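In the part that follows, the structures are each spelled out as structure tokens.
Same chain, two partners: chain A is paired with chain B first, then with chain C.
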Partner chain A sequence: MDHITLNKQKKFSKSRMRSLIFCLCVIAVPTVQFGIFYIGVNINSLIMAFQSYEIDPQTNIGLYAFSGFDNFKTIWTELRYGNELPTALRNSFVLFLCKVGVGTTLALFFSLYIFKKKFLSKTFRVILFAPSILPAIVTVTMYRYFVDVAVPGMFVKMNGMGLLSNFDTRMATLVFYALWISFGTQILMYSGSMNAIDISIMEAAKLDGCNAFQEFFHIVFKLIWPTFVTFMVTNMAAFFIDQMNLFSFYAATADTRYITLGYMLFRDTRNSNVTLAEFPRLAAYSIVLTCIAAPITIGTRKLLEKLGPRSV
Partner chain B sequence: MDTNLVLDKKRRFGLPRFSAFTVVIFLFLALYALSLLFPLGWAFTTSCRDAWDFNVNGGWAWPERWVNNYALAFRYFVVPVRDADGIQVNIGIAQMLGNSVLYAVISAVLSMLTSLLMAYVSARYDFKFCGVIYAVVIVQMILPIVNALPSELKMSRLLGIHDTFFGLWLMKTHVQGLYFLLFYASFKQISKEYTEAARIDGAGHFTIMTRIIFPFVAGTIFTVTLLNFIQYWNDYQTPMMFMPSYPPLAYGLFHFTQRSYELATSSPPLQLAGCMLMAIPLFLLFVIFQHKLLGNISTGGLK
Partner chain C sequence: MIVKRLFKFVGVWMCAAALFGALLGCEIPDVPDPTNPGGYVPEPIDHTKSQLYISNFNGGFMTDWLYAAILRFVEDYKDYSFEPDKKGAQVYVETHKSTVSDLTPERNEIFFLESQNYYDRLSTGQVYDITEWVTTPLEEYGEDESIAGKMHDDYRAYFETANGKYYGVPHYQRYATITYDADLFDSKKLFMDTDGKFTKKSTETGRSKGPDNVFGTFDDGLPATYAEFYALCNEMKNRNVDPINWSSMYAMYTGWLTAQMKADFEGAETGLFYHFNGTATKLAESISESGTGIEKVATVAYKPSTPITTQNGYELYSSAGIYYALDFLKNLCGYATPSSLSGSVSHVGAQFNFLTSRETAERPTGMLVEGNYWVNESADTFAQMEHRYGNSSLQKRRLAVMPLPKATPAVGDAKRDTYILDHANSAAFVNSKIDASKLTLARTFFRYVHTDKSLLEYLTVSHTTKAFRFDVPADVRDGLDYYTKSALQYMESGINTIANSSNAFFYARFNDLGYGNQFKTNNYQTPISVVSNMTALQAFNEIKANHNSSTWK
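Moving on to the complex of A and B:
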């Protein structure tokens, strides 16, 4: 009897070992990649944040040297007395509010329309997704000339001044563009989640006298809540990296009055990609912003979980 | 009674019933469609106009004569780069096309494979680290590392993979949170009985994975690969930073439209022709695979 049990254990452990070896082989490359390009990169970022780039006068070679909290002091000075950072923060906030308030709301309603297979819903689905497949430069160039050349030609009151050329309307025009091209993935995911809803629930609600608006808020929205939370969390994280397509519009020469955090950081990294001199300051930005972003994102998720109709 | 009759007639003749809420959404959608299609039509017409005609007659005039700006855009589509000896060389459209294919196809497949394999192990096996994989992916999704770009650039230089295709492919071999969740949910839904039955028939782990389980998610695999391909095909910022000597078409287009200081390429009709030229392959891809792209894919929450 004992012999049989031992044999069984041996057999089990052998098969378990085979499973383990298979799993480890499958995840080996992604794990090494994660170790280098996520953990390694972030540790390197942390180290760089406390360094400065100096040229050795004797060898004329650039070196990274420990500089304490100098980079963090620079950021503090830029925040208190500078012009770019506060402006970038404000613009990023405006963009975030518009994307969440207007963009997400419209995406949810559009998805509902597609899910319910209303008039021309298939055509609208294709049209809504179309900007997502085109290169950003194509839509940016088309939009830029349309709002700056074609639109002033339609309205005499504009005196030939384009919406992007006019400083008063530029920000709104850029935000509108960011919203205009943002529906593709959201529509795909939201309508996909809606398709999983049991039709009998909707029919029962309809029999109970539920109108379309009530149906959306009391049934559909509650049932797609987990997908909504996923998008809200990624939106939160995007606050710090969204470039508002400024690099595609203006390359590295966007007016500082309209820049966002994401654009500012990308432009500075790109500008110092040859000399590497600014990398430590940018790494310090990375640390500071990550420290701000992490609790906000986690807090948002926790809050949405509490507010939600069920645990997600 | 009369009202009922009218309603019955409407239903019989298939007239749709719209609530005010639906009508409002329809109007928004119609406006959106118009705002997309109208500029697209305008851009196409303008791309066939003469630069002089455009400057003199304005943005709304019909072309005085139809000009082939496309051939001209094709000719001006060059990006200057420095070779290993520091000498400036011009990269033409054919080489950029090759760079785009190499970057987009291989990166798309690698990114998809990484998410697919990690999700498979995480969802189908019960080792402790399987749960850790899931947790790490979720943490990566909700804990954003802001601006890791300087560190990534320094790291790629340190590893000697800067300005190489291999380096860029290696960087793209990462788990994509949203697609990981998509695959994870699909794998969880597949009954364990399939695996057990295959194991009784003598199938190994690799056979079970590739011949039993993956066919269930073949549609999702194709859609994710296609979405990745489009994303990388259109990406000009990553190659610009990590692979400056091998510009893809997307970077070529960016360079082309930003050369407003050069008289030859600064005219809006020519720039729009360049854009239309680059949009055609993707438009065709979209037309061919729209059912796959717009198929039913959904993702759950961040548990």
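Moving on to the complex of A and C:
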């Protein structure tokens, strides 16, 4: 008996060992990747925010040297005297409000429409999700031709001036695109969440005389609350990084009047002209923005969790 | 059991993925096919020969020039031993179109790239010290000059480090051009005579002096000043010609032109924006205007000569060149085709419209704003037009680079210089990790592509110039197509400068101080956006006000 138990234990332990090795193999790559590209990069960024890059003219070797708060002083100068940063901050706020106020509201109603399996609901689902599958450059090009060629062609009053070409309609056209392109994911998630709702609850509500609005606000919305919170929190966290697809539209030449903070940082980092000496300032930006975004995002999550169905 | 199956399943997929990756990695790079000019076929590695790996930015300047050079090199050195027990060479080329891809993989030994910050590459130890390669005269090819000796002065000042070393050399020159259709100009007699009337063909005598203010040169009959340019555009409209077009989708083309106009106005002082060392004489205290549109007359009250250092670099944003360049672009918009302002025409679309307008449009288009390399991007259009209409290839059409007009009229008969602003930041350099056994081959090839013969070949293949001085024999010059010949004449007659410097202050603020940001106003980034929303004077005043000792970082 003892012999059999020992064998079993041995076999079990061998099997467990294999499982362990397998699991380690599976998580090894993502762990290393996370270590290098998240932890490593962020630590590097944190340090870089307090450094400047200088080249020794004799050896031609470049070195990052400690420069105190110089990069933060530069940001302060840009905020105080520059025009770009305040404009970007304002536009980011406008985009955030539109995404939360208009985008999320419409996404919820479209999701409900699909959930209720109304006329052509599946077609709408495909149409609305399609832009999320296509490469950004394809949708941007199509959209650009549509608003700058097709739309002026349809309306003679526009005198051939497209919605993007017209400086007064450009911002609204860009915001509309940002909302439209973010629609697909939201609808997929919201309608998926709605599909998990037990149909008997809906039927019971109907028997109790619930109208469509009551059904949505008192049942559906409360049951998909966690999904809603997730989107709200990610929207809040993306406040400083949402570039409104401007790089796809204009590369590095978007006009200041329309830029967001996310675009400004992406442009300055991605721009082929940027030198190694300019990265410390961008790293300092990331520190400043994280200091602002992190508490707001965490606060939003806590607030929404507090306001959620459990407390109602 | 499930874990075991899962393990097998994942294992098989991982092996398949690894095999697929390995197969992709084993892709044989392209080498030129001598039996098929312009076509390239994979050639397996021959271990009896030495191999050289090159990375080339495959933008508007293409890679054909490199393939042509490789064909000659491989033939010329087929019996030469670069490594023990090996004879001859194979040269493999990888082409990319992004800064990150350009520098990877590290197998590549020589790089021909654009949009490179040389001092970034240098300070991170990515580039090999090629001082000896660059400063030794190319005597083995029968030349007295070294590669460094052939460089234009501003390029040399940039590439030679503070301790007198070279880790790279410039590659090609990229600058803004206005291309005009000389066939159309001739048929409509749009060259100016000495009385200021548009009555001449390019072949006729009695044409005006042109922008260089000298009779008997290649620019005779072309507009010498902005005012003459507007007069030309008006005359084109009268003669049923659309004056000019450009890509409305990408603002950079008009941005390049504006920077070029500014640089030409400022002359040698344009370098102050990049090295902050000298005296500025073209800074405006104030500008006043009388009249409107093209009839407008600007009166500039210049500041006294101002020494410029990194401490007061902001003073440069009061350069009258900013005003004149923006005003020129603003007026140009009045002569542009509607598609140039629509926002939906790409650069290739604008080229297509310009080239085909004489066959398909009600009104042909006379001029195009583009980079000097644009004819390469339109190779397909030329071929299709030649097939369909005949006499339409680049070799048969008479397209030409127009020397740019000046903001102010000439005073006296002195020759007027043209400053050509190269903003490509192109560079050719060698990987610092190159294996010692490859150095002889790399050195030989590097020097080979910088011989006069290779520079000439570059000119004929890419229709553009590398950033070096070289002699062009008369017979070769006569054999050039009209466009290439005009580009060569333009380059030879001008003073070649770059939108860059080795100044540490500039390097640390490269993105902020670069030529692309010199016209930036509170709301608008690009010159075309600026002039679409405000007058040149409003923009100038705003730019000037935005740069002062408080904002100067």
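By our rule, the second predicted complex is superposed on the first by the 277 of 312 C-alpha atoms of A that agree within 3 Å, B and C clash if a C-alpha of one lies under 4 Å from a C-alpha of the other, contacts with A are read in each partner's own complex, and residues count from 1 in each chain.
Methods note: a contact is a pair of C-beta atoms (placed from the backbone, for glycine too) under 8 Å apart; a residue touches a chain by one contact, two chains touch by 3 or more.
These figures come from a predicted structure and were not determined experimentally.
K.L.:
Chain B versus chain C on the shared chain A, clash or fit?
P.N.:
Overlaying the two structures gives a clash between chain B and chain C.
K.L.:
Which partner does A:158 contact after superposing on A: first (chain B), second (chain C), both, neither?
P.N.:
neither
K.L.:
Look at A:277 in the shared chain and tell me whether it touches chain B only, chain C only, both, or neither; answer first, second, both or neither.
P.N.:
second
K.L.:
Quick check for you: in the superposed arrangement, does A:257 touch first (chain B), second (chain C), both or neither?
P.N.:
A:257 sits against chain C, while chain B stays out of touch.
K.L.:
Touch check for A:26: first (chain B), second (chain C), both, or neither?
P.N.:
both
K.L.:
Of the two partner chains, chain B (first) and chain C (second), which one does A:145 touch, if any: first, second, both, or neither?
P.N.:
In the superposition, A:145 contacts both chain B and chain C.
K.L.:
Decide which partner touches more residues of chain A, taking chain B and chain C as the two options.
P.N.:
More residues of chain A are touched by B.
K.L.:
Name the contact category of A:77: first (chain B only), second (chain C only), both, or neither.
P.N.:
The answer is second: A:77 touches chain C but not chain B.
K.L.:
Quick check on the superposed pair: does A:202 touch chain B, chain C, both, or neither? Answer first, second, both or neither.
P.N.:
After superposing on A, A:202 lies clear of both chain B and chain C.
K.L.:
Does the superposition put A:18 against chain B (first), chain C (second), both, or neither?
P.N.:
A:18 sits against chain B and chain C alike.
K.L.:
Considering only touches as defined above, state whether A:179 meets chain B (first), chain C (second), both or neither.
P.N.:
neither
K.L.:
Superposing the two structures on chain A, identify the stretch of chain C from 21-29, 39-47, 75-83 or 93-101 that clashes with chain B.
P.N.:
That would be 93-101, the one stretch with clashes.
K.L.:
Identify the residues of chain A that lie in both the chain B contact region and the chain C contact region.
P.N.:
Of chain A, residues 18-19, 22, 26, 145, 149, 152, 251, 272-273, 276, 278 contact chain B in one complex and chain C in the other.
K.L.:
Provide the residue numbers of chain C that touch chain A in the complex, in ascending order.
P.N.:
These residues of chain C touch chain A: 3-4, 6-7, 10, 99, 115, 117, 119-120, 122-125, 161-163, 165, 167, 248-252, 255, 338, 341-344, 425, 504, 507-512, 514, 516, 520-526, 529, 532-533, 546, 550-551, 553.
K.L.:
Spell out the part of chain B that touches chain A in their complex, as residue ranges.
P.N.:
16, 18-19, 21-22, 25-26, 28-29, 32-33, 35-37, 39-40, 42-43, 46, 58-60, 114, 117-118, 120-121, 125, 127, 129-130, 133, 136, 140-155, 159, 170-171, 173-175, 178, 181, 205-206, 209, 230, 233-234, 236-237, 240-241, 250, 253-254, 257-258, 268, 271-272, 275-276, 278-279, 282-283, 285-286, 290, 293-294, 296-303
K.L.:
Within their complex, state which residues of chain A touch chain C.
P.N.:
15, 18-19, 22, 26, 52-55, 57-58, 60-62, 74, 77-78, 81-83, 87, 144-145, 148-149, 152, 160-162, 164-165, 167, 250-257, 268, 271-278
K.L.:
Touching chain B in the complex: which residues of chain A?
P.N.:
That would be residues 18-20, 22-23, 26-27, 29-30, 33-34, 36-38, 40-42, 44-45, 48, 106, 109-110, 112-113, 116, 118-120, 123-138, 140-143, 145-146, 149-150, 152-154, 180, 183, 188-189, 192-193, 195-196, 211-213, 216, 225-227, 229-230, 233-234, 237, 240-241, 247-248, 251, 265-266, 269-270, 272-273, 276, 278-279, 282-283, 285-286, 289-290, 293-294, 297-298, 301, 312 of chain A.
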